[in-house]
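These notes open a run of structures that come right after.
Look at the two complexes coming up: subunit A is in both, with subunit B in one and subunit C in the other.
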Partner chain A sequence: MSTFLIVLISVSAGTVLSSLLACLPGLHVYNVMGAMVLGILALEGSNWAVPVLVYLPAMTGMIVGWSMLNTIPAVLLGTPDESAMFTVMPGQKYLMAGRGYEGTMITALGGLAGAFFLVLVVAPLAPRYLPVSQEVLRGHMHWVLWIIITFIIMSEWPKGGNRGPAGWAKFYDAWKTLLMGIATFLLSGLLGFIILTRSPVSHEVAFQNIMPAFVGLFAIPWCLLNMISAANVPKQRITKSIEVDGDVILRSVWSGGLGGGLASYLPIVTGGVGGLLAGHATAQRDERIFIMGQGVSKFVYYVGAFMLMFVPGLYLTRGGGAWMIKTLYSPIGVSDYYLVLGCIAIAAAISYLMISPLARGTLWLIDRFNYRHVSSFALIIIVVMVLGVTGWIGLFIALVGTGIGLLPVLYGSRRLNCLGILLLPIACNMSGFGEAITAWLRLT
Partner chain B sequence: MKGFSHFMSGVAVASFCPWSIDAALQGNPLFFILGGACGILPDTLDFKVYRFFYDHDVYVTPDPGHLDPQYIADEIARAVNLAYDDKRYIRLKLVSVRLGADFWQQYIVNFDNEKLEVTVKFGPVVNTGQVPVEGTENRFPQVARATIKCKVIQTYDAALKVDIFDGPTIGLAQRPDGGLDVDFLPWHREWSHSLTVGLMLGVVFAFIAGLFFGNWTVGWQGLVTIALCYGVHVVEDQLGHMGSNIFYPLTKHRTPGLHWMHSGDGLPNFLTVWGACLLIFWNLYRAIPDPTYTFGFIHLMMVGLVVPGLIMGGFHWLFTRRDRAAARGDDADDEWNDMKAASG
Partner chain C sequence: MTDIQQVLPGHETQSQEMNCPSCHRYVGAVTRCPYCKAKVPKRISLMATRWAAILLATIGLFLLWLMAIHREIPVVMLGDIQPTMNFGQIRVVGQVLNDARTFRNGSMGFNVTDGTGSIMVFVSPRQALELNSRNLVPKAGDSINFAGGLNVSDQDMSMRLLSVSELKLTRAPVQDVELSAIHESMVGSGILVAGKVVDFSMPAPGSRRPYALKISDDTTERTITFWEAEYEQLANPDDLPGAYIRARVSVATYRNEIQLTLSSGADLEILSAPPEKPVRIQTPAQRAAETHRQQARPRDFSRGRSPEARGVAVSSVTTANKGQTLRVRGRVESVRAPQEGSRQPFVVTLADDQATLRVVYWSNVNDVIEVKPTPGAMFELEGLVEVYEDTPQLKVESGYRVRPVGDDDEAPAPSGEVPIADITAADQGQVRTLRGTLGAPRSLGKGTAYELKDDSGSIDLILWDSIVPADVRAGLEEGAEVVATGEVGLYQGQLQLKASPGRSVAPAR
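Moving on to the complex of A and B:
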C-alpha cells in the first residue's frame, strides 16, 4: 500500500474514532491516547509493532476530531472540559431557546475556521517567527504565569452588592463571590500541589493522574447542576443555515485565534484562560462571535499545541497530546511538519462533516429522553471512566475536585478559578519556590 | 479603557524598569506582578471597594414585578428638584432591573432641557453581555415624562442607559447659571485615579520593604514601579471622556478627558493590549546579552502590528462595505432617536 493511502486511512480512522468518542461526556481524548501509547510501546520490537506512519496520522486525527466534536457534549449535554467551559453558558442558552443545533454548528464552524487559520496562516509563518519568540521569552514564562494568575483573581467582577444602603453589609454581599473565587483558586492549588508532588494514583497510570481532579472540578459539577436544576429542554429546531457572515468569522478568528494561540504557546495556560484573556483583549460583545471564537480557540489550543512539536527549528512540546507522542517519536525536518499539517487539514474536513449527523443524533436522544436523565447517564459514564482508569483512589480525587468545583457553582464565582490546580503549583515550581511550599506542606 | 488594557499597560511599563527583567531572570516575578496589579488597581479600588461605601440621597429602585417608567421619571425629577431647591449636590442612584439569572431590563433616561422634562423609556431585555434579547425591543412603547425645575446638562453621553449589574450613580452639581451638571459615576475616578495616590502607595511599599524586610533597594525599585504603573492608568483614562482627578488631594475635581475614545471601544483596547505585548517583547529582547536572532524596533512593529493590522483591516473593510453603505443612509440608529420616534 502506498504511503499516501496508509496516512489517509490512518488519519481518517483516528478522526472518526475520536469524533465518536468526543460525544461521550467526560471522556478526554488524552485518556484514550494514553492507553494507545501504552499499547504501542508494548508492541515495539515485536512483529506487530505499529509504524510511525500509522500512529502519527491517527493520533493527529484524534486530536483534531476531538477538538472539533467535543462541542457536542459541551453545548448539548452541558458537560464541558476546561477549554470548552466558556462555550457552555451561551451554548446552553441556545439550547434552552430551541437552537442547540445552531449553537453547535456555529462553534463547529469556528473550529473549521481555526483549521484554516492554523494551516494557512500560522503554519507558514511559525518556522520563521516562533523560534525567535522562544529565544526572547526563555526564562520569562514563570512571571507570565504569575501575571495571568494576578489578572484572573483581580478581574473577577463582584456579583452582589447591587442594592441597599452603602456600608459594610453591601461590601460583604459583593465580596462573598470574590472571596469564594480566591478560596476556590487556593484550594484547587493545594489539590494541585498534592497531586503533582505525591500523586495517590497508581504509577502505572501516572500520565492520567490529573484527569480525575479535572473531571471533578469541571465536568461533575455541571452534571449535578443539570440534574438538580435542568428544566425541560424545548423542542430543538434544525436550521438549514446559520446566521454568520465574513466579518463575524473574521472577528471570531481574531479573538479565538489569539486566545487559542496564547493557550497553545504558553505552558500550563489552558484554552479557558486563553479565551478569558482574548475576550478581555478584543472586547467582543456579539454572542455569535463569542461562540464561534470559542470554537476557533478550542481548535487552535489543542491542535496548535500539538503542531508546535513539529515546527522546524522550534520543536516545542506543549499539551498532553504532544507529550504522549514524544514518548514514541521525535519529529525531524520539514517532512514531518508537512505530514502533520496535511493530516490536520484532512481531519478537520472529516470531523466537520461528522458534526451535523452526530449533533442531530444527540438532539434526538435529548428529545427522546428527559434532559435530567441524559445528564444522569453522562454522570454515570464519567464515574465509570474515572473508576476504570484510575480506580477508587481516582474516584476519591474526583470527589474532592467536585467539592471544590461546586464552590463557584454555589456562590456564583468564576469557575476558571479551579485552574489553580495547575497554575499555582506550576508557577511556584517555575519561579523556584515550589519545593519550599511542598516541604512546608510536608509533601516532600 | 478596559481592565485588561490597563493591566497589560502596567506590565509593559514595568518591563521598562531594568530591575524587573533582572529579577525575573532570577525567578522573582514581583515587579511584573506589581506592574499588572497597579495598572488595574485604580479601577479595582473604585469598583470593588469604594462604590459599596458611597452613600446616595435618592435611590430609584424599579420593581421588576411591576415595571413602571413613570415611577423612575418621577423619582429622578424629585432628585433634580431637590438639588435645585436646596442648592446642594445630590447623589442619585439608578438601580438596575434584574429579570433572571442572565436577563436585565434596560431603561433609558434623558433630560429634555427645552421642555424641562426628564423622560424614561424601557428598552429591550438584554443579557449580561448587553446583547438585546430578540423580540423584547418594543414591549414598553410608552415614554414616561416628569417635569424638572431647571436645565440638566449632560457632558458624558446623550442618554443614560441602565442595564446590567449595578446601575449608575449620577451626581447633580450646581451650575453658575442656576442649572445642574450631571456627574456620571461621581464615585469613580474621584480620588483613586490620581498620580499622587500612586506615588503614595509606592512610598508605603518602600517603607514596608525597607523597615520590615530591611531591603531598601527593592523598596525604591518598587516605589518607582508602582508609581509609574499606577500613573499609566490615569494617563490612559485621560484619553476618554470622563477624565481623572489627576493630583488628588491637591485637585478636587476630575479634569475632563480628551474624548478620543470610549472606555469600551474594541479597537483602541485591543491596540493597547497588543502594543503593550510588543513593547514587553522588545524590552525582553533588549535584555538578551548575545541574541541568536537580531531585529530592530521598526521591524518588530511592522511584523507584529502594521502588516497584520492592514491585512485584518482590509478584510474587515471587504466584509462590511455593504453594511457601511446601509448605515450611512440611516440617521436614526440610536436608542434615543428610537425613543423619540415611539413617542411621536
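Moving on to the complex of A and C:
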C-alpha cells in the first residue's frame, strides 16, 4: 500500500475514533492517547510493531477530532474540560433556549476557522518567525508566567457582599469565593509540587503521572455535579442555518486565535487561561463571537501546540499530545511538517462533517436516556482508565484532586484556579526558587 | 393534608422534613419527634458538603505528602529505561564517567554509567553550589548513588538531579603523579599533581580562552586550564603566581596535546612549602591500579602468583565442580555489602542467560578489588567452588581475581562478528558486532550516522555523542574499515546499529 493511502486511512481512523470518544463527557483524548502509547511501546520489537506512518497521522487525527468534537459534551452535556470553561455559560443558555444544536455548530465552525487559520496563516509563517521569537523569549518566560498567575487571581471578582450592614459578615460573604479561589490555587499547586518532584505513581508509567490529578481536578467534579444537579433539558431544535456572518467569523478568529495561540506557545498556559487573556484583551461583547471564539481557541490551543513540535527549526514540545509523541518519535525536517499539516487539514474536514450527525445523535440520546446516566457512564470509564494505567495510587491521587476540584464548583470560584497544579511549581522552578520550596516541603 | 398533620398557618407548603414521618405532627428543626420519638431525617446542608470537600482535599494532600517523602525511589538500571518512564524519578547506582562540567549559567553536568548504559545528569545552579560547598562535585571514576528525574525522548535521555542530600559519592583513589610521568594512557582519569606556578594567564575580557596555570617540577612543565566558574571558586587566586600548589586534575587531550583540566576551584591547594615527591604506592589496591595503568597490553591476572583458572560460563558451574578453582564470567545482578558491624561476606549474584551464581568474598578481598562489581556490569571472577544450601557458590579469595569485562576493551562480542545481511528485525534489542566500511557521515544533531557496508549489505551505524566518547568518534572517517558493537534497532522501518557505550567502534585490524 502506498504511503499516501496508509496516512489517509490512519488519519481518518484516528479522527473518527476520537470524534466518537469526544462525545463522552469528561473523557480526555490524552488519556486515550496515553493508553495507546503504552500499547505501541509494548508492541515495539514484535511482529505487530506499529509503524510511525500509522500512529503519527492517527494521533494527529485524534487530537484534531477531539478538539473539534469536544464541543458536543461541552455545550449539550455541560461537561467541559477546563479549556472550554467559557463556552459553558453562553452554550448552556443556547441549550436551555432549545438552541443547543445551533450553539454546537457555531463552536464547531469556530474550530473549522481555526483549522484554516493554522494551516493557511500560521503554518507558512511559523518556520520563519517562531524560532526567532523563541530565542528572544527564552529567558523571559518566568516573569510572563507570574504575570499570568497574578492576572488569573486578581481578575476574579467578588460574587457576594452586596447587601446587609457593613462588617465582617459582609466582608466574608464578598471574599469567600475569592479566598476559596486562592485556596484552590495553592492546594493544587502543592499537589503539583508533590507529583512533579516525587510522584507516588510507579516510575514505569511516569509519563502519565499528572493524568490522575487532572482527572480529579477537572473531569470527576463535573461528572459528579452533573449526576447530582442535572437539569431537564428542553426540547431542542435542529436548524439548517446558523446566525453568524463573515464579520463574526473574522472577529472570532481574532480573539480565539490570540487566546489559543498564547496557550499553545507559552509553557503550561492552557486554553482556558489563553481564552481568559484574549477575552480581556479583545473585549468582544457579542455572545456569538464568544462561543465561536472558544471553538477557534480550543482548536488552535490543542492542535497548534501539537503542530509546534514539527515546525522546522523550532521543534517546541508543548501540550500533552506532543510530550506523548516525543516518547515515540522525534520529528525531522520539513517532510514531517507537511505530513502533520496535511493530516490536520484532512482531520479537521472529517471531524467538521461528523459534528452534525454526532450532535443529533447526542441530542437523541439525551432525549431518550437520563442525562445523569450518561455522566455516570463517563465517570465509570474515567475511573477504570485511571485505575488501569496508574493503579490504586493513581486513583487515590484522583480522589485528592477531586477534593480540590470540588472547591471551585461548590464555592462558585473559577475552576481555572486548579491549574495551579502546573502553573505554581513550574513558575517557581523557572524563577529559580522551586528547589527551596521542595526542600522546605522535605521533598528533596 | 391529613387530619393529624399540624401545619402552622401560612406554612402549608413547608418542607416535609418539618413533620414527623411517623406521626405526621409538626416537629420543626428537631431530629427526633418529641411525640412518638421517631427519627426525623433532615437535608444535608450544602455548607457541610463544602467543608467535606475541603477536608478531603487537605487530608488527602497531607497523606500524599507523607507518602512522597517516605517513598523509596526505585533503583533502575540505565539499560532498562523505557520511554514510558519519562518524568519518572529513579535512583541510579553507578560510576561517574567524566569530571562534572560547570556551564555558564552555573549549572553542572556529568555522565554516569552503571554497566548497562550511560546517561547525562544535569545539576541546577543551586545544587551545583551545594555540591561545591560539600565537596561532592562528581569526578571521573567516583562511585555514585543518586536520585533524579528522567527526561526520555525516542533518541536520547538525561536526568535532573533530584536532591543533593540524597547523593552518595565514594571518591575513586587518585594517583599522585610527577609531571614527567603523565602520559596518554592516563587520558580520561583523574590524577594529583604538584609543582610551582611559573605562569598564570587570564583570558582577555570577552575572550573565549580558558585560564592557564603553568606549573613546573624539577624536570617538566605542564599547563592546567580552567574556566571562570572554577577561578571564582579559588580561595586566594592572587597568591597563585610563584606559589607551590597541589591540584586534582583530569587528564585530557586537546589538539593531540595532553591537557590538564581543573574541574573545581576546591581541587587546588596552595602549599606553604615545596611539595614532597609523590608517594607513589600506598595501598595494595592502588598498587594494582598502577600496574594496570602502566601495562599497555591487557592486564595479566596471574601476576606471577598462580596460573589463570579455567574460564566457564555461569550456567556451567554445578555442585560437581565443588573444590575446583574456576574463572566465571557473567553479568552482575546484585551486590549486597555486609551490614556494618556484622561478620557477613559480600554477596554478588552473577548471571548469564540460563542461570545465576552466588559469589561471596570477605571485606579484605573487597578492599583490594580495583573496580567494584556493580549491578548490570559484566564481570569475571575467579574462586573456589563450594556448595551452599545444595547450590554451587563461588568463594573469591583474591581481589585481584575480580575484574570488569565488557564495554571498553576486553570483552568479546556477545555472539561474534556477523555479516550485515544476517541482521533482521528479529535481532532488535540484541547486541551485535559488525565489520564493515564507513560511508559518508550524517549529522543527527546530538550524534552522527554512518552507513556501514560489507559485502553482504549495509546498515546505519548510529553514534550518539552522549554515549560514544569524542575521541572514538573523532577517529572515524569515510572509507575506514571498522568493527562496531551495538544494539540493533529499528527506525522508520530501517534497521540500525546503535553503538554501545565506550569504545564500541574501533578500526579493524
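Worth a mention:
Heads up, the rule we're going with is that the second predicted complex is superposed on the first by the 432 of 444 C-alpha atoms of A that agree within 3 Å, B and C clash if a C-alpha of one lies under 4 Å from a C-alpha of the other, contacts with A are read in each partner's own complex, and residues count from 1 in each chain.
Just so it is clear, a residue touches a chain if its C-beta (ideal position, glycine included) is under 8 Å from a C-beta of that chain, and two chains touch if they have at least 3 such contacts.
All values derive from a computational prediction rather than experimental measurement.
Model built by superposing both complexes on subunit A: subunit B and subunit C fit together without a clash.
In the superposition on chain A, A:G432 makes contact with both subunit B and subunit C.
Within the superposed three-chain model, A:T402 lies in touch with subunit C and out of touch with subunit B [touch as defined at top].
By the touch criterion defined above, A:L190 lies against subunit C but remains apart from subunit B after alignment on the C-alpha atoms of chain A. When the shared chain is aligned, subunit B comes close enough to touch A:H140, but subunit C does not. Between the C-alpha centres of subunit B and subunit C, as seen from that of subunit A in the superposed arrangement, lies an angle of 120 degrees, given as a multiple of 10. Legend: residue contacts after superposition of the two complexes on their common chain; A:H280 is shown touching subunit B, with no touch to subunit C. By the document's definition of touching, of the two partners only subunit B reaches A:P158; subunit C does not. By the touch criterion defined above, A:L443 reaches subunit C but does not reach subunit B. Of all Cα pairs linking subunit B with subunit C in the superposition, the shortest spans 9 Å. Residues 432 of subunit A touch subunit B in one complex and subunit C in the other. Per the touch definition, subunit A reaches subunit C in the complex via residues 37-38, 41, 44-45, 49, 51-52, 183, 187, 190-191, 194, 196-200, 203-210, 323, 326-330, 396-397, 399-400, 402-404, 406-407, 410-411, 432, 435-436, 439, 441-444. Subunit C contributes residues 46, 49-50, 53-58, 60-61, 63-65, 67-69, 71, 73-74, 76, 82-90, 124-127, 149-150, 152-155, 162-163, 165-166, 428-429, 490, 492-493 to its touches with subunit A in the complex. For subunit B in complex with subunit A, the touching residues are 2-5, 7-8, 11, 24-25, 27-29, 32-33, 35-37, 40, 44, 47-49, 52-56, 61, 95-96, 98, 102, 127, 129-131, 165-167, 264-266, 269-270, 273-274, 281, 284-285, 288, 291-293, 295, 303, 312, 315-316, 318-320, 323. Residues of subunit A that touch subunit B in their complex: 89, 93, 129, 131-133, 135-137, 139-140, 142-143, 146-147, 150-151, 154-155, 157-159, 161-163, 165-167, 170-171, 174-175, 178, 245-247, 250-251, 254, 277, 280-287, 290, 430-433.
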